[in-house]
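Common to both upcoming complexes is chain A, partnered first by chain B, then by chain C.
Up next, the complex of A and B:
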């Protein structure tokens, strides 16, 4: 076989025919390309020299994404993951081996790709996405998420929206848009979507697409268990605290001794009630809230995301508009649709959301609303406001000393707190990198907004 | 817990230890190393398939190493099969890899029996002659063939299997088998032993909704000539009657009784009669179910037992599934209900078991053939059994299916278009010995050549007018991509194909019945009974 001999230095990343496949679609016109597409060899050059991608997550989707993107011609990729490798990852996270267990996922993945795909320059970040600020995120052309956490998705979504720039007339500067491609899987189901922040539906626009987390009612767990899961939850919530089987330490779902102890205790409780089905596997599943995962679904969803990134970066075909769901339980089913932008989205609508309450509403109730409303779904909101020109923290959970100092406010009414109609509430939460402004509407009528 | 159980934990939660065992006992063969092919293998090796064999007589070119994660560019010029096998095997030490440095057509000629020992044979694009020969060899041996390829932004999978039976189809939203229309005797007794009026507040609000529904249903039937509420209006009345039963406090304000809410909520679904679904009816009436022999598979022997149950003791009903959804209840009454349902399910299963034993002994094939566990799984899943039969490649290439013609001619936006174009590409290759659009200079000429192949195909299908549905744009696109295998498209197809193989191997979940077409230009896809 002939191999190109580079003129000056020998470059292992160049060999004859390497990019033949993608050159066909980059160097020839197509009726299905974006109107701006101009077939040329410069596109591949742009992909290799200038285009910078960020992959968030180096797990099931992340490993696949790094392979797909580098073999599709991208070179400059950063990858962030805060996790280390576990034995149970190896059935799908194909860049990791037995000997990599307990090493950082991002580092091992980057090293593997850089070694296997010549010329690839994957830069690992073994940390949380929240450890970086806008200066870091600004450098990328496209960001892709392969995460299992909704909070992290919302955070990066909020970050990319905060990078948008508008002119004085409120027109969006197109060059400030960093597309977000997002993938998610659960068992044999998955979804891939393309978000153009400020232009198309964002993560927060479609929060209602995420199913609420399954929780067991407290009274069922405590008094009327019927399912093996109820017995396991009981031991988790009460038995562990009471008996402290391994001293005063929290449950570690990866410690087999912990799971075994919980499993035995749950079996005992199940026996008392005549309930069947407590097993080690189920116990671990409930304690760790394990989501089943297979190699194939991860491969499909990561590949769908990678194809979209390829299209976005090259314009050689139109990107997905804007959401695809996949399910291969019964045959293979996909459904592609346009998720709609929400005009009152707290993340991307640029309009302060109104919160309408009666004056006698307690602050606690307002906070419950922020957590429970399907379009808000906050986790631990902290609220500040300005009264008579002075900043006041109404409640903040994240810092213990402030939490203690502001806790009495929870049982006070909005009126007693001195909040008036039109008041602006600044709400900070883990679901967003920047605080969100709400406008309080105080009315006598009972209806909440 | 064993290391292996930990490693495979996330998938064992889906297909269970028995599915994993089936996977570990399976061997697959990949014919020809393409990115789509090695990606498929990757997704079979990671979950722990028993063994894989790669057949390819070709050597690695620069282009091959460019889009394939499992071909090392430093080994350009070496055999693809060997290099790919080595890099793939590295993924999982539990899996055995082998390779054959020989062209598939030679191997087919020399030792055709080589191919018939595999659980599944996976192939990339082959010349039509070789593909048809391979398919014809595998078909009578009942070895499933999975053809899988990526072509530009398009992908194509074709499964050819004479028959594939699924016991565990794992339906997403199965309705519960509660039998309120034909209640279990012990359930009726249990309900009769409870007097809602005399219960204290706690017990009243913890009476399982199933019992509430049943009691109100009895009253309703007494007032309505034995009929259950059927129309929307009747159901509304029935719901109102249930909700009127909610206890009230001293001030006359209704208490918060979740069990009554649940009862009202289930009015719409609880009285759907437990009819045998048409798909299952067809299985029970299948000639293979009616005429079992000593060479029948366990599936058909079990189906025969099931049929006898339905006809006799079942009085038209299936064996009870035996599972109960969770509902507001005290532990004691819920567990009691659960025991009643489980006991009836075990009773029904015993009857099926007797029929199966009788059948086995009269066929002289021994009683131990069907395990207790298989029987249980079969009865529990009776409602969801599936049998898949695809057409053979021989039939497909002789005559298009009605499904193809209907889909293609009725919807001009259908991705069935790409199936038509793929067939024309095969014709192009057969004539010209290369794919359309491979060479820049012949791009325009290839577009018009392709058009005439599509015309010929439409004519042979008896729908010459349908050529109108094939736009010039689509012809342009199929030539533009010049048979390029874009890695991310290959990775998508490799994911889908691997899961189809796992379905075929484990007999769990339902494979595509024929062909699957992926359109990466629009991120849409279509399954088509070709």
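Up next, the complex of A and C:
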């Protein structure tokens, strides 16, 4: 595709009038602006020079987001995606070409944008979001998600919540908030939402909004199939294990041989029950749990997300409060509502409480404290923690085999257990409806909090 | 609504602080589920790795019903999307049961279509224990066993006993799983 390139100048990114459309919004007052908004030329400068964004996902939404954000004037953008480019992506993921197939999405997307949008400095990360820790995520002003995975959304949500800082009175330090803008699409439907971790409803607060994974009752699949999907599901659940057509390996939804085999087996079963409609495409759809992607929906949702990022970064208007749904199955419909914070949300309902101990304190003494402290009065606390990404059970009384295995920990010191300052402890007890997160403060002075 | 950033605010450099990985929501929830486990005396859990709460075994030794005296082992795999998704449960003991097939698949509504995030590991364990007290021929996975149960309860009882002692039911061989 031929595209217009601006004339090369000494500084190619500064041709005159390039940002006029943005300046109209940022350099003039407006009745719609945030009450604290002060029109100024410094805002654009902040967007271009200082503001650092993270785009998670370089797929259908990610391509749109990178294009929208850089054309809006943002320059410092990191993009992270663990996937490589597939032929079926090319109809909508417009930063990719046929010659890019099998290359990492993040790298190709970043390279394309940096070449096409003068001044853009997109940094790719070809990996999982879980490969980075808080030190990485801390550097961003705003995070935007274009994901198809609930697990990944929950993970980044939890990460941003863990970055919140509170003062000694339990007040949230607002400078520690990294807003999360989340976009999602499914066919002709989509949603965009703004999450201010610690302040507004988070991903886990509204987890019940996600439809449950389509599952068929196992006995229907096994004995009374009525739909072609039941036959495919049957082969997935029972046939594969039994016949091991390619040896003892799990089903790979991207392997055409696997899909073909499942499709044939499912057809056979469908014939037995007089069911019609098992096709290769349907088989692939059921096995990979494919939801059709529509380019225009991605464009709408990415545009909504980019606008929110622009508003958050510049304060030129109040951000979305806080959940917008979009549906153009039949006409165009949008609706915005305020998703409410869930008081019992496992991810965000509680501020980590500080516990201060000396490094020589024994785990037994820490547990005694949890039981004896007048504000806690726990009965039978079980404690786990995560050290270097690995879960550890420090002590749990309720399960005999674990109790026995972790009993020696009771007489070890916090230092010997590898617990350092800032370590989070997850404590569950019958006295609270959810596990409580404590943040360990380890100091030499013997004061207890 | 707050104004989030002052214009000149620079985010801290990524090398300035050591990163701490944060426990996942699944880990939070599982810590709670495990600490709250209250099992009937017929059930015990075994954790091969006490640090790994996501993978464990459940051993049920029913003390009443058709399966009295048997010992049945189940593997539990809890995914990172717990409690949005149900744990995956397989029966590792070959059992003659209308709702458990010979590959160990378990037909229990709360493990599939009726799973809800408010349910707990405890609820699943009770559900599985209930299958041994009240096998349900209406919802079969092992169709032959279900047919026998609904047409001839005595025969079903004999078949169960034969399978638990170790022997053939029809042309399927069952390993002994009786304790004592």
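Heads up, the rule we're going with is that the second predicted complex is superposed on the first by the 341 of 449 C-alpha atoms of A that agree within 3 Å, B and C clash if a C-alpha of one lies under 4 Å from a C-alpha of the other, contacts with A are read in each partner's own complex, and residues count from 1 in each chain.
Here is the rule we use: a contact is a pair of C-beta atoms (placed from the backbone, for glycine too) under 8 Å apart; a residue touches a chain by one contact, two chains touch by 3 or more.
Not measured: the values here are computed from a predicted model.
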Q. Touching A:393 in the superposition: chain B (first), chain C (second), both, neither?
A. second
Q: Could you look at A:318 and tell me whether it touches chain B, chain C, both or neither (first, second, both, neither)?
A: both
Q: Based on the superposed arrangement, let me know which partner A:264 touches: chain B (first), chain C (second), both, or neither?
A: neither
Q | Partner chain(s) touched by A:331 [first = chain B, second = chain C, both, neither] | A | first
Q: Would you sort A:155 into first (chain B), second (chain C), both or neither based on which partner it touches?
A: second
Q: Scan A:304 for contacts with chain B and chain C and give back first, second, both or neither.
A: first
(Q) With the touch criterion stated at the top, can you tell me which chain A residues are shared between the chain B interface and the chain C interface? (A) 318
**Q.** Residue ranges of chain C touching chain A (in the complex, touch as defined)
**A.** 1-5, 7-25, 27-29, 31-32, 34-38, 44-47, 50-53, 80-81, 84-85, 99, 101, 103, 105-107, 109, 112-113, 115, 117, 139-141, 143
Q. Can you list the residues on chain B that touch chain A in the complex?
A. 1, 3, 6-14, 35, 39, 42-43, 46-48, 59-63, 65-69, 73-74, 76-77, 90-93, 152-153, 169-172, 206, 326-332, 334-335, 339, 437, 440, 443, 472-473, 476-477, 480-492, 494-496, 498-500, 502, 509-513, 516, 520-525, 527
(Q) For the complex, give me every residue of chain A touching chain B. (A) 1-3, 12, 15-25, 28-32, 64, 67-69, 71-72, 87-88, 90-92, 94, 97-98, 116-118, 187-188, 192, 220, 224-227, 256, 273-275, 280-281, 284-285, 290-300, 302-304, 306-308, 310, 317-318, 320, 324, 327-334, 336
Q: Using the touch definition up top, name the residues of chain A that touch chain C in the complex.
A: 34, 36-37, 40, 42-43, 45-46, 50-52, 132-136, 138-141, 150-151, 154-155, 158-159, 162, 174-175, 177, 179, 196, 199, 204, 207-208, 210, 212-213, 215-219, 222-223, 237-238, 241-242, 312-313, 315, 318-319, 321, 346-347, 380-386, 388-393, 396-402, 405-406, 422-424, 426-430, 434-435, 437
